[in-house]
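Pasting a structure here, questions to come.
All chains are identified by letter, namely A, B, C, D, E, F, G, H, I and J, in their written order; residue positions are counted from 1 within each chain.
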Amino acid sequence: MSDRAELTEKIVRLKIERDLSWSGLAAMAGDLSKEYVTAGLLGQMPLPRAAAEAIGAYLELTDYEIKLMQQPPYRGSLPTAVPTDPLIYRFYELISVYGTTFKALIHEEFGDGIMSAIDFRMDLKREANNAGDRVNITMSGKFLPYKQY
Amino acid sequence: MSDRAELTEKIVRLKIERDLSWSGLAAMAGDLSKEYVTAGLLGQMPLPRAAAEAIGAYLELTDYEIKLMQQPPYRGSLPTAVPTDPLIYRFYELISVYGTTFKALIHEEFGDGIMSAIDFRMDLKREANNAGDRVNITMSGKFLPYKQY
Amino acid sequence: MSDRAELTEKIVRLKIERDLSWSGLAAMAGDLSKEYVTAGLLGQMPLPRAAAEAIGAYLELTDYEIKLMQQPPYRGSLPTAVPTDPLIYRFYELISVYGTTFKALIHEEFGDGIMSAIDFRMDLKREANNAGDRVNITMSGKFLPYKQY
Amino acid sequence: MSDRAELTEKIVRLKIERDLSWSGLAAMAGDLSKEYVTAGLLGQMPLPRAAAEAIGAYLELTDYEIKLMQQPPYRGSLPTAVPTDPLIYRFYELISVYGTTFKALIHEEFGDGIMSAIDFRMDLKREANNAGDRVNITMSGKFLPYKQY
Amino acid sequence: MSDRAELTEKIVRLKIERDLSWSGLAAMAGDLSKEYVTAGLLGQMPLPRAAAEAIGAYLELTDYEIKLMQQPPYRGSLPTAVPTDPLIYRFYELISVYGTTFKALIHEEFGDGIMSAIDFRMDLKREANNAGDRVNITMSGKFLPYKQY
Amino acid sequence: MSDRAELTEKIVRLKIERDLSWSGLAAMAGDLSKEYVTAGLLGQMPLPRAAAEAIGAYLELTDYEIKLMQQPPYRGSLPTAVPTDPLIYRFYELISVYGTTFKALIHEEFGDGIMSAIDFRMDLKREANNAGDRVNITMSGKFLPYKQY
Amino acid sequence: MSDRAELTEKIVRLKIERDLSWSGLAAMAGDLSKEYVTAGLLGQMPLPRAAAEAIGAYLELTDYEIKLMQQPPYRGSLPTAVPTDPLIYRFYELISVYGTTFKALIHEEFGDGIMSAIDFRMDLKREANNAGDRVNITMSGKFLPYKQY
Amino acid sequence: MSDRAELTEKIVRLKIERDLSWSGLAAMAGDLSKEYVTAGLLGQMPLPRAAAEAIGAYLELTDYEIKLMQQPPYRGSLPTAVPTDPLIYRFYELISVYGTTFKALIHEEFGDGIMSAIDFRMDLKREANNAGDRVNITMSGKFLPYKQY
Amino acid sequence: MSDRAELTEKIVRLKIERDLSWSGLAAMAGDLSKEYVTAGLLGQMPLPRAAAEAIGAYLELTDYEIKLMQQPPYRGSLPTAVPTDPLIYRFYELISVYGTTFKALIHEEFGDGIMSAIDFRMDLKREANNAGDRVNITMSGKFLPYKQY
Amino acid sequence: MSDRAELTEKIVRLKIERDLSWSGLAAMAGDLSKEYVTAGLLGQMPLPRAAAEAIGAYLELTDYEIKLMQQPPYRGSLPTAVPTDPLIYRFYELISVYGTTFKALIHEEFGDGIMSAIDFRMDLKREANNAGDRVNITMSGKFLPYKQY
C-alpha cells in the first residue's frame, strides 16, 4: 500500500476515534469547500500548504505526512472498476443509464467537446422534501470544445 | 441486437436525416423534461403512452415500435464497463476520484443509506461564464436510509 | 486490508475459538434480526450503538473497534465479481437464470421500477420436508417506481 | 444468436404486439407457476410438452419452435457478468452485500452444504404496505449437505 | 490472507519439512478417502472432528487451528479464474472442449438437470499401461433433476 | 460466426426437428464412442472421413459441410471464461474446489507432470442408486512427465 | 454495428479500391491537418460541413452519410482495452512504461493538473536518420490545472 | 511487493521529505535526459552504473539498492490495464481515439511496420501560449519495417 | 466482421473445398516462406503484390480482395486474450511458465532490450524422433537494445 | 506471497548482491541446461535433488528452502494475463499474430493434435549478424495426436 493510501487510512481512523466530522476538518482549511477538502483527506486531491499544515497539526501528523498531503496523488479511489458499494454504485448506474443522454444533450447545447472534470466544482447538500429529504448535487464543469486543427 | 436497440438506432438516424433536435422531440412529450425524454428515445426509459404516440406519429414509427417505446427497457447504455467516449468517461472519472467523497459526505449528512437513482431527476443546462461557459448539472435523488430490521 | 476487514476477521476468529453462534451474538443486539446483525458482524452493516457496545463488551473489543462497528462500511463482501464459493454461487446462478424473469414479473405487477435493496429485510429459516429439509428465504423490498420528470 | 435466443425475442415481440401478459400465458400451461413458465418463455427452462404445445398454438409458433421450447437450454439470461439493468442489479447487490451472511447462517443452521438452485421453487408477489407496496419473494431450495467420502 | 489460507500454507510447509505424504496424512483420518482429506488439508473441505484432532495432534497444530479445520471454508482454491498451472489448466481445457458434450449427453440420459458437485465423490488412481501409465479419475455425482413448479 | 459454428447449429437444429439422439448419431460412426462423436458433432473434434460421410449423408449435409467436420476445429465450446450454464458450471466448480487437490495427488503418485487432455478418453454413464441415480464419469489421460533437459 | 462504424468501413474500402491516400483525402478538407481529417474519416472526429461535403462528393457518399460524418461520434477506435495490433500496442506500452514519468514531470513543471486531450493537436512526420528513419510525433495539449474550490 | 517497487517508493519518499526535484536528481546523472532518469528512478529503466552510484550516494541508498537500480526491471508502471489517474488516462484516451489514425498514417508514410518503443526517445517541455501554456511532448522512435521472409 | 476477416474465412473455405494445402498455396508466392504466406492468408501479414495476384488468381478472388491482401492488417488473430484452443494455448502456457526465464537469459546475454517481433522470422518443421516425432520451431528476432538518452 | 515466491525473490536478490549469473548458477546443476535451471531458480520447475543441494549450499539456503526447490511449483510466472513487460510481451504478441498460423501449419504437417509444452525443451542463444545480433530460440516439443476413442 502506498504511503498516501496509508495516510488516508490513518486519517479515517483518527476521525472515528476522535468523533470528528469531515465538515469540521474542512472548516480548518480556510476558504476551501468541504467537497474539495474531504477529497483531499481521502487521498484524491492535494491540499494547499496552509490547509495541510492546519489540519496536520490538529491531527498530530508527521512533517512527512503533511508534505505528502500536498502532493498530487495517483488518483482513483475505488478498488474495482465497477464499484460494489451501493451508495457509490448508484452514481455508476446513473452513468450507465444516462451516459448517452449526457452526450446527446451536451453536444446539442455546446457542440463537440466535453465537460471538464478538472476545471470542475461541485456542491452536495440536503434538499428538504415532505416525501423524504433528497440529496442534491450540483456539478459545474467548464465546457471544453474539441479543437480542430 | 434487440428490437429496442434497433429502434434507438432508427431514431438517431431519423434525427440526423431530418435535422431534428432532442429538445425539439422532447417538446412533443408534454410536461416531461428533455432529460427524461432523451433517455427514453435512447432506449433507457419507457415513454408514457401519449408521448410515445406523439413522437412516434411524427417520426412515422410502426405501431409495434410505438408500443416498444413504452416498455421498461433492459437498461445500460454503454458498450463497455469503463466507457471509452471522452465525454462520458469524464463522468466515470468523477466517480473514480470523488466516489469515496460522495460516500463520506452523504453519510455525514444523512446517516447510512444511499441517494436513489430511481426516485431521481436531473437538469442539465448552460452556465454562462466569462472564462468559458460551463456545463451545469443538478441531480436530485431521494435519500433512502438503510432499514434496520 | 482495511480496519473493518481486520475487525471482521477478528470477530470470526473469536467466534470459532469460543464456540459462539451468530444467532447467539445477535440475541445480544436487542430487537434486531439475526440476518441484520450477522451482516453487521461480517462488516456489511453498521450496528446501532447499543448493539455494538453489548457485543463489543462481550467479545472484549477495543473502544475503536466498537466505534468502527457503527460506521457505514464500504460494502461488498465477496472477493471476486463472480463468487467462487458454491453456497454463494448458487445465489448468483439464480440471478443469472432468473434475472430476466424477475424483471418481467415485477414490471408486470408493479410497472417500471425496482425492488429496493436498501428498504429491504429478509428472513432465512429451515423448512421441514420429508424429502429433505429446505432453506427458505423470504425477501421483502419496497417497490420503488421510476419517477418521470 | 442461437435459435433459442431468437425464439425468446420472437415471444417477447408477440407479447408486446398482442398486449399479452406473462401470467396470462402461464395460465395456459396447466399447473405450472407463473415464475417457471415465464423463465421458460424467456429461454431459461424447458416447458413440458403440453405447455409448449398450448402456448405455441396460441402464439402460432412453428413445430420446430414448439420442440425447441422443450429442450433444456444453455442457461444464463444476462449479457454481462455484473448485470447493468438496475432492477436485476439490486439482486446482484444483495448477494454482494449479504453473500457471506447467507453462508454463515445456512452453515449455522444446516452444517456444511448448499441451498440447491435446481430443486428450487420461488414465488414472487405483491405485499401491501401503507408506506408503499413491497415486492415479496420467497425462495425455497433443498439443503444439500456436502458428502464426506 | 485469511486464517484458513495461512493454515493451508503452514500444513504444506510442514509436509515438505517432515517429508510427509498426503495419503499418509489421510490415513490418520479414519475412513475418509485421500481425496476428501487432501481437499480438507488444502482448505477446501471441513474435516470431521476426530480427523482434525488426529492430524492436528500429529502436526502439532494449535487448538484454534484444529477448530478452524472443522469449519466450512470459503471455497475456491485457485488464484485466477482461468488457472495458470498446466496440470490444473488441463482440467479447465477439458471443460472448455467437452462442456457442451457433457451437457448434451447428461440431458440425453437423464433429462433436464445437473450432476451434483455436492453429493459427489471421486477417486483418482494410477492406471498401468504399456504405452505409459495413465491418470484415472472416476467422478460420481448424484443427478439432480430441475424441479418444475 | 464461423462456418463450423454454423454447422454445429445446423446439426443441433436437425437433431431436434427429427427427434434424433446423440447416441443414435454416434452409432453411425463405427467404433467411435458416443463421447467423441458428440464432441465432433458439437464442433470440438474432427470426425474421421467415414464417420463424417455416414452421418453427413444421413443428415443430408453438403459436401463442404462433410469436409468441414473432418477439420481440426478452433476448440473452446463455451461463450464465457466462467461458464454460466449450471450443468457445465458444476464441472468448473469442481476444478475450482479440487484443483489443488488434483495437483497434490497426481504429483504424489506420479511426480512432476500433467494428465494429458489430448491422449485422453472418457466414459459417461448412469450409475443406478437407490437414493437417486448418479452420473458416473471416468476420465483416463496419459501421465506426461515434465522433461528435464 | 453502428451506422458510423459501417461508414468507416465503407470509406476504408473505397480508399483501397480507388488507390487513394489519407493525405490526399485530407487535402480536400481545406486547412485541416491530415491527422484530424484521418481521425474524422476513421470515425473519431466530426468533420466540418465543408470538409464532409467535399470528401463526401468525391467518394459519392449519400446525403445521410455526409451528415453522419459531421456528428460527434461515440469515440473509441479500438476493439479491446489493451490493443492487439503491434503498431498501436507500442503506444500503449509507452504509457505503461512512461505513465508515471509523464505524471511526475508534468506535475513538476506545471503543478497539479493534466494535459488536455481535447484542446490538443498533434503532428506526425518522418524524421530522416542514417541509422534508419524515425517516426516523429509532436503532441501539444493545453495544461489544465485542477481547480481548488 | 518486489524489491524494485519498494526502492521506487523509498526514492519517492526521500524526494518529498528532502524537497528534491526529478530534474535536480537527473542532473546528477551526467548526459542522460530528465525523462530517462525519472523513468529509471520510478523503476522502469535501468540506470547506468555511474548515474546509479551518483544518485545513490546522494540519497544514501545501500549498495544493494544501487545495484538494483542498474537491473532491467519488470516493466509496467500502472496498477490497472486502463489507468485511473486522470493525467495518465488522457494519454490512454489519445490512443483509444487516435490509435487507428496512428496506424493509418504511419503505414501510409512508411509501409508495414511499427514505431519502436525501444529505440525511442522523448522530450517533454512547456510551450508558452497566451491562451494558457501547453504541454509539448515530442516522441521519436525508429521505424521498424516488418520483415518478409 | 471486417472485410479482411471475411476474406480470411473465404480463403479457409476455399482451401477446404478444393483440398488445398497452406504449403501448396505458399509455393505460388515466390521466395516467401510458408510461415509468412500462411500468416498472410490468415489475415495477419500483407502479401507482396506479386504473391497476392498469383494466389488471388488461383483462388479466383476479386480485384478488391487481391488489393486487400496487400494491406497491413489490424493484427491479432485470436478471439480471446487467453486462447482457448489447446494447440495455441500451449504456446501461451510456455510464456506463462518461461516468460521470466526468457527475460533473465536474454538480459544476461544481451543486456537491457528485447527480441524484435517485427524484424523476426521463424521456421516450423518436423523433427523425427523414435519416441515420437517432434514439432521444431526456430525463432530468430533481432535484439533491440533500449536506447539511453 | 507463497514460500516459493519468497524463495524466488531471495535468489534474485542474492544473485544481484553477489554479482552472480544464471548460467554460472546453472553450471552447478550438472547436465541440466541453463534454460531449465533458470526456470527452476525462478520458481517454475523443480530442481533435481543434487542440483538443489549444490546451488542451495552455494547460496547458503536453509534445508527447507532446498527441499522447496525440489517441489513441483504452482506454475505461472506472470502477474497479469497479458504481460506488461515489453520483452515478455513480444512473445505474447507473436502468439497473438502467429497463433492461427502455428495451428494451420502443425495440423497440415502432423494432423490433429498439439505440440507438447511438457515433453519440451528449448535452447536460447545469440545469433551473430552484421545488421545486429539476433536472439535465436529453438523449441522442440513432442507432437501429441488427439486420440480418437
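Quick note on the criterion: a residue touches a chain if its C-beta (ideal position, glycine included) is under 8 Å from a C-beta of that chain, and two chains touch if they have at least 3 such contacts.
Since the structure is predicted, the reported quantities are computational estimates derived from the model, not experimental observations.
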Fill in: Chain whose Cα centroid lies at the greatest distance from that of chain A
F
Item to complete: Taking CA centroids for every chain, report which one is farthest away from chain E.
Response: G
Fill in: chain A-chain E separation of Cα centroids, rounded to whole Å
47
Discussion item. Please output the residue numbers of chain E that touch at least 2 other chains, ranges allowed.
Written reply: 35, 72, 74-76, 78, 81-82, 84-87, 93, 96-97, 100, 103, 107, 113-114, 116-118, 120, 144
Discussion item. Taking the top-of-page definition of touch, could you list the pairs of chains it picks out?
Written reply: A-B, A-C, A-D, A-G, A-H, B-C, B-D, B-G, B-H, C-D, C-E, C-F, D-E, D-F, E-F, E-I, E-J, F-I, F-J, G-H, G-I, G-J, H-I, H-J, I-J
Discussion item. Residue numbers of chain I touching chain H in their complex, please.
Written reply: 32-33, 35-36, 45-46, 48, 72, 74, 100, 103, 107, 111-114, 116, 118-121, 144-149
Worksheet, complete the sentence: As the complex stands, chain E meets chain I at residues 82, 84, 86, 89, 93, 96-97
Worksheet item: For the complex, which residues does chain I have touching chain F?
Response: 9, 12-13, 16-17, 80, 82, 84-87
Fill in: Residues of chain B defined as touching chain D within the complex
2-3, 63-64, 67-68, 71-72, 74-76, 78, 81, 117-118
Worksheet item: Which residues of chain I touch chain J in the complex?
Response: 21-23, 34-35, 38-39, 42, 44, 75-78, 81-83, 85-88, 90-110, 113-117, 120, 122, 124-127, 129, 131-144
